[in-house]
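Down below are the structures I want you to see.
Note that chain A is present in both complexes that follow, paired respectively with chain B and with chain C.
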Partner chain A sequence: MHDIIRLVWFDLKQELKPPVWIMLQWLTFTVQLFIYGAIISQLVLATKIANYQEFYAVGFIVMMTFEVGSHTGRHFVEHAHEGLLPYWLSLPISRTKLFLAITLQGGAELALMLGVPLAITLAMIGNLTIVSVTAAIATLFCLGFGVAGLMLGFSFIAFKSSDLYTAVVTGLSTVLIRFSTVLYPLIFLPSGYRPVAQLSPLTYGSDLVRLILGFDPSIMTYDPIIAVAVLVALAVSTLGLGMFLLQRLVEGVKSG
Partner chain B sequence: MTELGCILRLARNDFSYFFRTKWLMAILLSLHLSDMLVVALTYKNFMTIDYFRFFVPATVIMGLFVAALDTGRRIWLAFREGVIQYYLSLPISVNGVVLAYLLAGGLAALVYSTSLLLIALLVLPAQAIWTILILLPFLFVLAMGLAGISASLAAVASTHGEYFFAYQQIVQMLLLTLSTVYYPIESVQKYLPSSLIGIVSANPLSQAAEAMRQYAFAGNPIQPLALLNILIASIPFTIIGAVAYLSALRAVQRKGKL
Partner chain C sequence: MYAVETQNLVKRYGKTYALKGLDFTVDPEEIMVLLGPNGSGKTTLLLTLAKVLKPTSGTAKVMGIDVIKQPTQVRHILGISFQDARGFWRHKPAEILEFHAAMCGIAKAQSKPLIEEVLKDLELWDARNKLFMHLSGGQAKRVEVAKLLIQRPKFAIFDEPSSQVDLRGKRTIWEHILKLREKGSTILVATNEVREAEYLADRVTILDQGKSIICDTVRNLKDKITGGDIVELELEQAENDPSIEEDLGKILGTVKIMPVEKNKYKAYVSIGEAWVPKMTSLCYEKDVLVRSVRVTEPSLDDVFLSFTGRKLETEANA
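So, the complex of A and B:
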């Protein structure tokens, strides 16, 4: 455990000294919620979405979770590109421990980035219980780990071309967010787009978090049990794939 | 080769580098096309205004803005990787290097946003297509101004290179949020204090987005004052950016580094 914590801290301290990126995420969230979210919600028909600012706040939290999760995957590729990964692989620790360190580092980063935005959102929504808050946090972490695992799974592309990897991952990220229920309920998406949105993991994550936080249950695309099952399956399977890939990486690997 | 020839070759090199960066193209195209064809179309279904008609013209300006801001990233890279030392060794003046970067930044943004505009014209019929040709030179000046903002950030951040992207994100977020790109001025007036409403109205992005909506897509007659306002709002940024970049280059010439 000591080795894992040292590895996590080794990577995390660069983010904290000084915590520019964390503060920037908090600032972005605040501006987006209290300027963009507030003004755009004036344009939304109250009969369609009762309080769009709150709806958007949860959507933005899900987007941040997605960004931090995918950053964990990209970070892994950057380490391969910069030569840090071969160094880690040469350390006298097992691949399982190394994988745990990468995953925990992603989890810690997610907690730091989401702390303030989530607190603001929860305070704004109000009328919450410990169970609902805990369940919402658990859902977000499950989604974050799933996305991180997905991006780690894609990292094999980077060992052929890091440029192609960045293009695939960033393009995919934008499409996954837009074709999901992060910014709007499924019923408002044009009918041709709905099947794509129903496949997006973000649809399951955002719908479930909103349901837990007391939003209108009619916005749910799927049964909550199915959403929980999909998110857990996504996290377990993609993290399993990431671990499998890491076991097969050899020292000296470098992203192209 | 004349100084002008050197400037144009340097500008061409930077211009082509923008379009050859695959990941950047993937980000920009996926972002703006999905904004236009997914977000605008979906928002239309639950808004009090025809958001598709409102937002599609603004997406073109967003494309111009983001592409122009990439000039700063290229300048920052040139500082970080020492390419700037190579440029300074070329038979071209420092002013020429600055001019080449601003020209390339403005032109790359204009070409990129024109490609978005062509897609916008396919999905949203414009009432006055020829008006767009009148708007293009003004959009080019605006793109040079935005490239100037970005160049200033690169010059300021050159000693703390890793912060460049943080500065860029803050500027991008504030300029877009405090503009009428996403929402009409009437909604802004209902929510923001009067001091901020002034900033929103003076923001060159607001003016360009409004010009695109009113003159190109709605077909209203062009108001020369509106075009003049775009120039007045953009030229100072171009000058500030040029001076900041020039100072950074002079510092490199003098000390060998920043």
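So, the complex of A and C:
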């Protein structure tokens, strides 16, 4: 376990010297929420959403979760191209531990990125219990690990072509975010978009977090138990896929 | 038991073969130098032994442990210094070495004085707290080498350990590699630099296009070249004896005699030390005075040329 923590910290502390990237994420969130979110909430009048600014805040946090998850895959690709991955692979630790370290680093980055935005959102929503806050954080982490696992899986494309990887991830994020309930409830989506949105993992994540934080349950797309099951299955399957690819493919590819 | 043994090792990238059925051995506590031009398969072999690359087929063992079946055990006994020291951009040399020592299971109390010693020896002490991205190419390379000097693995792999390093730095690195062997490590060095190979090698394996061409000591490799030694000869009154050139050519071991200018000859011979006494006897018999003799032995570049038909030290490799 010490090896895993040492690996996570060695890589993570680069992000904190100084933590510009993280603080920029916090600043972006704050500006988006208190300028764009505040203005747009004046324009959105819906009976099932008492305050669109709060709805938007949760949506933005889900988007940030997606972005951090994607960043984990991108980070892995960068390591491969910059030459750090061969060094990781030569260290006297098992591939399973290496994969755990990569995943945990993604989790730690997610915690750092979301810490302030989540605190602001929770303070804005108010009337929360420890259970609801914990459940909301757990849901976001589950979604984050799922996205990270998915992106780690896709990252193997980048060994062949980093341009192709960027195109795939950009396309995927466009589709997954826009065709989901991250920024608007399913009932407001045009009927043609709904079937696609119902398949997006972000729909399950954002709906579940909102339900836990006390939003109107009627805006949920699915039963909460199904949402929990899908998110857990997503995290387990994509992380499993990522680990499989790391063990089977990474030693065979020419990188760096 | 060999320290390293590969049998029919193949590594293929698509249709390109980096290793073509390589059979290769390294004895315990020896320094084996892999010599070959860029693209000969040196780095691929090192990365395969270090379990950074997976072989396409064949077997490889390090200290008797199967690299493919027991990779984690192999990684516990070896260390690799990569050709390109990259990827640590925002870390400092001291913390890179502390991290590496910790990952290799060296206690902090033990690693701290060792890191200080190695940083000072490699003239990195003043740069120990600089960001890696601000180091010169030579400094970055020395950090890469320092990792292994601290780790002191049973099997140490160096990929071009002194490339980008100045002459004095090269000598320091080579001395440390020799000391590492004295402490009991088996060492595998890949290089395309002839001087590095001659300085370090107990044995040299010449790789070309993914195959081992020949493996022997430096001395034996040089002796294996026909006409490898060059004797530069200046005679006096040789013009009085027109048959001298022909007679020199008849001495056993002569491959070719080339007149350079008046009374000066260049003789390509198999073993210079054996040829020169025969030449002086001939000149004595013919009453020809030997003004000067200079014997030049072949370099490993000549050895490579002799076995592959190509030069090792091209401008691209230099």
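The rule we apply is simple: the second predicted complex is superposed on the first by the 246 of 256 C-alpha atoms of A that agree within 3 Å, B and C clash if a C-alpha of one lies under 4 Å from a C-alpha of the other, contacts with A are read in each partner's own complex, and residues count from 1 in each chain.
Keep in mind that, in the parts below, a residue touches a chain if its C-beta (ideal position, glycine included) is under 8 Å from a C-beta of that chain, and two chains touch if they have at least 3 such contacts.
As the structure is a computational prediction, the values presented were derived from the model and not from experiment.
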Superposition on chain A - do chain B and chain C clash or fit: fit
Touching partner for A:I226 - first (chain B), second (chain C), both, neither: neither
Angle, in degrees and to the nearest 10, that opens at chain A between the C-alpha centres of chain B and chain C: 90
Touched partner set for A:I35, first chain B, second chain C, both or neither: first
Chain B versus chain C as contact partner of A:I5, first or second or both or neither: neither
First, second, both or neither for A:L189, with chain B first and chain C second: first
Of chain B and chain C, the chain that contacts the larger number of chain A residues: B
Contacts of A:A119 with chain B and chain C, given as first, second, both or neither: neither
Touched partner set for A:S94, first chain B, second chain C, both or neither: second
Chain C versus chain B - closest C-alpha approach in the superposed model, Å: 11
Chain A positions touched by chain B in one structure and by chain C in the second: none
Interface residues, chain A side, partner chain B - complex: 20-21, 24, 27-28, 31-32, 35-36, 38-40, 42-45, 48-49, 163-164, 166-168, 170-171, 174-175, 178-179, 183-184, 188-190, 193
Touch list for chain C against partner chain A, complex: 13, 47, 50-54, 71-72, 75-76, 78-80, 82, 84-91, 95, 99, 102-105
For the chain A and chain C complex, residues of the former touching the latter: 3, 6-7, 10, 14, 17, 79, 82-87, 89-95, 251-252, 254, 256
Chain B residues within the chain A interface of the complex: 22-23, 25-27, 29-31, 34-35, 38-39, 41-43, 45-49, 51, 162-163, 166, 169-170, 173-174, 177-178, 182-183, 187-188, 190-192
